[in-house]
Amino acid sequence: MIIVMKPNPSREVVQGMVERVEKMGLKAHVIEGTERTVIAAVGDDRKGNKAVFESYEEVEKVMPILAPYKIASVETKPESTVIKVRDLVIGGGTVGVIAGPCSVESEEQVMETARQVKAAGAKGLRGGAFKPRTSPYSFQGMKEEGLKLLAAAREETGLAIVTEVMTPHHVELVAAYTDVLQIGARNMQNYHLLQAVGEVRKPILLKRGASASMDEFLLAAEYILDQGNQEVALCERGIRTFETHTRFTLPLASVPYLKARTHLPIVIDPSHGTGVASLVTPMCRAAVAAGADGLIIEVHPDPKNAASDGAQSLTPEVFAAAMEQCRKVANALDLNM
Amino acid sequence: MIIVMKPNPSREVVQGMVERVEKMGLKAHVIEGTERTVIAAVGDDRKGNKAVFESYEEVEKVMPILAPYKIASVETKPESTVIKVRDLVIGGGTVGVIAGPCSVESEEQVMETARQVKAAGAKGLRGGAFKPRTSPYSFQGMKEEGLKLLAAAREETGLAIVTEVMTPHHVELVAAYTDVLQIGARNMQNYHLLQAVGEVRKPILLKRGASASMDEFLLAAEYILDQGNQEVALCERGIRTFETHTRFTLPLASVPYLKARTHLPIVIDPSHGTGVASLVTPMCRAAVAAGADGLIIEVHPDPKNAASDGAQSLTPEVFAAAMEQCRKVANALDLNM
Amino acid sequence: MIIVMKPNPSREVVQGMVERVEKMGLKAHVIEGTERTVIAAVGDDRKGNKAVFESYEEVEKVMPILAPYKIASVETKPESTVIKVRDLVIGGGTVGVIAGPCSVESEEQVMETARQVKAAGAKGLRGGAFKPRTSPYSFQGMKEEGLKLLAAAREETGLAIVTEVMTPHHVELVAAYTDVLQIGARNMQNYHLLQAVGEVRKPILLKRGASASMDEFLLAAEYILDQGNQEVALCERGIRTFETHTRFTLPLASVPYLKARTHLPIVIDPSHGTGVASLVTPMCRAAVAAGADGLIIEVHPDPKNAASDGAQSLTPEVFAAAMEQCRKVANALDLNM
Amino acid sequence: MIIVMKPNPSREVVQGMVERVEKMGLKAHVIEGTERTVIAAVGDDRKGNKAVFESYEEVEKVMPILAPYKIASVETKPESTVIKVRDLVIGGGTVGVIAGPCSVESEEQVMETARQVKAAGAKGLRGGAFKPRTSPYSFQGMKEEGLKLLAAAREETGLAIVTEVMTPHHVELVAAYTDVLQIGARNMQNYHLLQAVGEVRKPILLKRGASASMDEFLLAAEYILDQGNQEVALCERGIRTFETHTRFTLPLASVPYLKARTHLPIVIDPSHGTGVASLVTPMCRAAVAAGADGLIIEVHPDPKNAASDGAQSLTPEVFAAAMEQCRKVANALDLNM
């Protein structure tokens, strides 16, 4: 941690800072510059001590040296984490594809989608049984009945099931049916929920919050990892910006950025990342080219009659065409898909 | 809802759209323009039908006419909602002030802060017992013991207690101790939690999510109102923007914007809204001048040793000076404070 | 244009609005809904009349039907515009690559870069002679001498020259030396400059402003097209968001979005779009996969000693490797590169 | 400047960095931490050397210690700069008010507005003669004829004239008629224009760009100051965020933030800062309460027929009422207005 003092601090103030730094178990180096005095506090500064120094009136700013996450870091574990569940592989040179409807609506809808996305190359089936909806007047999901339909689709197709859990006391129920538990963007900082899924021994797909910084995203993963669950995939699903022509802005540079800092695999969600069906296929191709370890895509047999997210759902035909294009890109870059 | 078709739609397509609109119980008006055909769907379009039409390939865009919230709207209830609990009044021409530490840390800290903020004019005492923290390595709160200290401070000072609840299964516990339940910004779209506090009969202070739109904010309130709890105060606490010199950007125009649309009172949080103690006092004055119904401010007897948020906490002395300035502004504008 | 009235407008107010609409040469349709009265104003509503209606107190909101740009629209010109100058082709199934240093610094630097980027497959040479710099204390460019060095590099290599012009009275000078004039992001709404380059008969590379909406971007192009210069390439170079781990956020969904609306070709700038050299190669691949018509990339023979933008410049070796990967992606998708 | 190395740098790399730092005339201190090696480069690091170190592959990040601006800094000039021209005073405890139409449209319009804003307490008259417009199809201003009307209004009322200049070759012309030259938000980084007005000996009102950081804003001022013109007022007019209910988001915390860092006075533009007439009055009051040194407000005798910006213009009556409220706030805080 680097503590920059305001101009011309008194000797006593600097001495007080040094003592405070040392009381924290860090080592202090004082550097007198021409315009500023700087105190470098050496040691593990992840414990939130930054705010302590920011609260001193004599301090101009405090700059951390280390990233605030630890278990998620490549420095802690250099080898990449690969998620494997049934035939779904995410990472390690394989692009795993999860596809399916936003909401589970009926047996027929789930079964038909499952068969078609499997035929097109998906290895995972997504589908919401518990739905977080912005409006209390929107469809809230089929709940446990939806989970049963997903399990039945797995029975038939062998696809790994990916579904969202929204609150800690549902974790056990959802985990009983699903292969991968999804934490939605709106719950990325729902810490009780993160801790609850940290105790499960199934992989977690953690979606980035719409305005979460990269450090906040990795710290949310850290909450899960810290409970002992090491199978976390990070999902970039777009951030909120001034841009309104898409529902969210999908920053694909997150892929190489994250890969340089964490061993966790990175999945891209181009459906929520754009919110517009016609933009999904090009963004799928781009995600694969950027190095993503997986894709999660909304597919609905009849988007016009979908209970939710129809505007961003692909038809099974368009999805199949997108997969073919993505495979070409993957092959060109020596990736499995 | 206004449905704008792509150029030159076929007669059949338009007819199909009209039928779809009417199947929803809305009335369709077709308007043939020089460059576009537009279908106006008349009736209550709040039920999420927008996405249905957006999923048609022949549709260029869909524009809602009505705001998506209903119970929160001034059209439903023109008279302002005023929150009154003990001596704390928020709204109706009175600026209610809630102050206190970010986290409850000890009996001495809570008691001293309570006495001092009361002396300076606060009517509510804030303090976190359950703390949502970005990092799993940060202090997570004193939990029930913290609630007991808050209740003890109320016993002595008569201040109304305001504290955060983070997960549905804590609602009963927290409600047993507190006067106002706070929903934090990170939980604004935690719908199970919103529904749980909607069943309580105590006022709710709902903080705006850092990237929530105004409609999303009012729909979050709608979740609570829809469960029967009519006492909701909206708290603007800053949004995430490209601006980094403050922790968040505090858009005070939210105050008059919301007042024109909802009957719910508006509270401003200049502590989180700036993240910097030296900016809090001017933003308190500005919030009162903008017409805010309340303020919630972090005050700590010793910010340098605070367990959290020291950088944005005022000392009791600075808080007292801020209150005096705010009262001058309030008096000049014929507001009680 | 759709004019939504506030609840319960008087008959006179509605009649007044209708007359105002008709005075503008538009046709008015009044639709009485259950909760709102809506007036649809039919005809070309691009002339800024929206603000007129927004200034009525009785109006709740005004929603345009037509996009505000016209010459840039695919509706006006369905066939794609292809930029061709020397061997550089941008669009029509060919991905044109422009590469070179941020600033022209010396004859040796320009010549060496030109030779190397040509060998790796670039068809255009970029290089700044007049440099817009955030700080007055930074290097401001070699000016005309820099233009001469670029022209000399073209002489030797045949590469098309792309360089920025910053102010109207330099247009003639820069146009005398360069093949493509670049308008930088900071000047995207410098209307005198847009009009000045609109009078030139050389292609323009128009960079998107860091916070420009898509409509503003296309209207900036419209300024140029409106002066008679039909050769405009749009360059997405990243937008400013809350994200700080990259210099800007590069929204590749701009590519398919723009392609659906304009006939102008789209170039991606992954160097400014990320600001970090290690992120440039993956974003080059992703841009090609997303369907970009061109790339503009900063390459410097010695980034550590670059006069500007060293942190985001590729070495010629890294650039050559990136080109090879991009060509694989392009070939897989049947694009020329 | 603090240079943080990636983990485990070789001795040679560190030695190379130290030499590079010293070659720049800075002093290097190497600090070996438990997880990182850090090099503190002591001395004036404003010259853009940061990018040099960021271009080293072995460097993780570079953090500047000093703000990049110098002449604008309170450290260079602790006493506040006060702008005085005719009766308009901005700063030093006086809130100067500039009001008038977005565009100059006719003699009658300008004269009537001038008389009315003067009667309500304004000391400056704003009005655009050269208009930057997003669309080439919008009204572009009356140009020199507009300047003459402004000068005539000054003749009669004594108000100081404030008008925008858009391009360097208009500076002389505009300066001949006006008292204060305004640089618009879209031109904040038009460096040729900044340098041109830096040579004028009249005050400059510099508007913040819609996505300019605070450092960029102050560096733009630095361009003007560096040419010798010391009379610069900074105008916060709102930033572009995800928020769409207002045209821009007006961050009033800019006022105390800037006042702690620069001696230049701060003016707030609540008209552009909100884009909605009904929000302007509360934001005027809030700006005064936040400590602004001036206000610039759009006032039009007939907003419904304004050539531009009608939606955000106040009528003279509403303006007069806003002024009265602002004066009450100013008086309560011992400010002149």
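By written order: A, B, C and D. Residues from 1 in each chain.
The rule is short, and it goes like this: a contact is a pair of C-beta atoms (placed from the backbone, for glycine too) under 8 Å apart; a residue touches a chain by one contact, two chains touch by 3 or more.
On a predicted model such as this, the values are computed, not experimentally measured, just so you know.
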{"item": "A-D compared against C-D, more contacting pairs", "value": "C-D"}
{"item": "Intercentroid distance (Cα basis), subunit D paired with subunit C, Å", "value": "26"}
{"item": "CA centroid of subunit A to CA centroid of subunit D, Å", "value": "38"}
{"item": "Where subunit A touches two or more other chains, by residue", "value": "211, 240-242, 244"}
{"item": "Chain-level touch network, classified as line, ring, star, complete or other", "value": "complete"}
{"item": "Subunit D residues within the subunit C interface of the complex", "value": "46-48, 51-52, 54-56, 68-69, 132-139, 166-169, 186-187, 189-193, 209-211, 215-216, 219, 222-223, 226, 240, 277, 303-306, 308-311, 313"}
{"item": "Subunit A to subunit C touching residues, read off their complex", "value": "211, 213-214, 239, 241-246, 249-253, 255-257, 260, 273-274, 276, 278-279, 282-283, 285-291, 325, 328-329, 331-333"}
{"item": "Complex contacts: residues of subunit B adjacent to subunit C", "value": "2, 4, 7, 29, 31-36, 38, 40, 42-44, 63, 65-66, 75, 240-242, 244"}
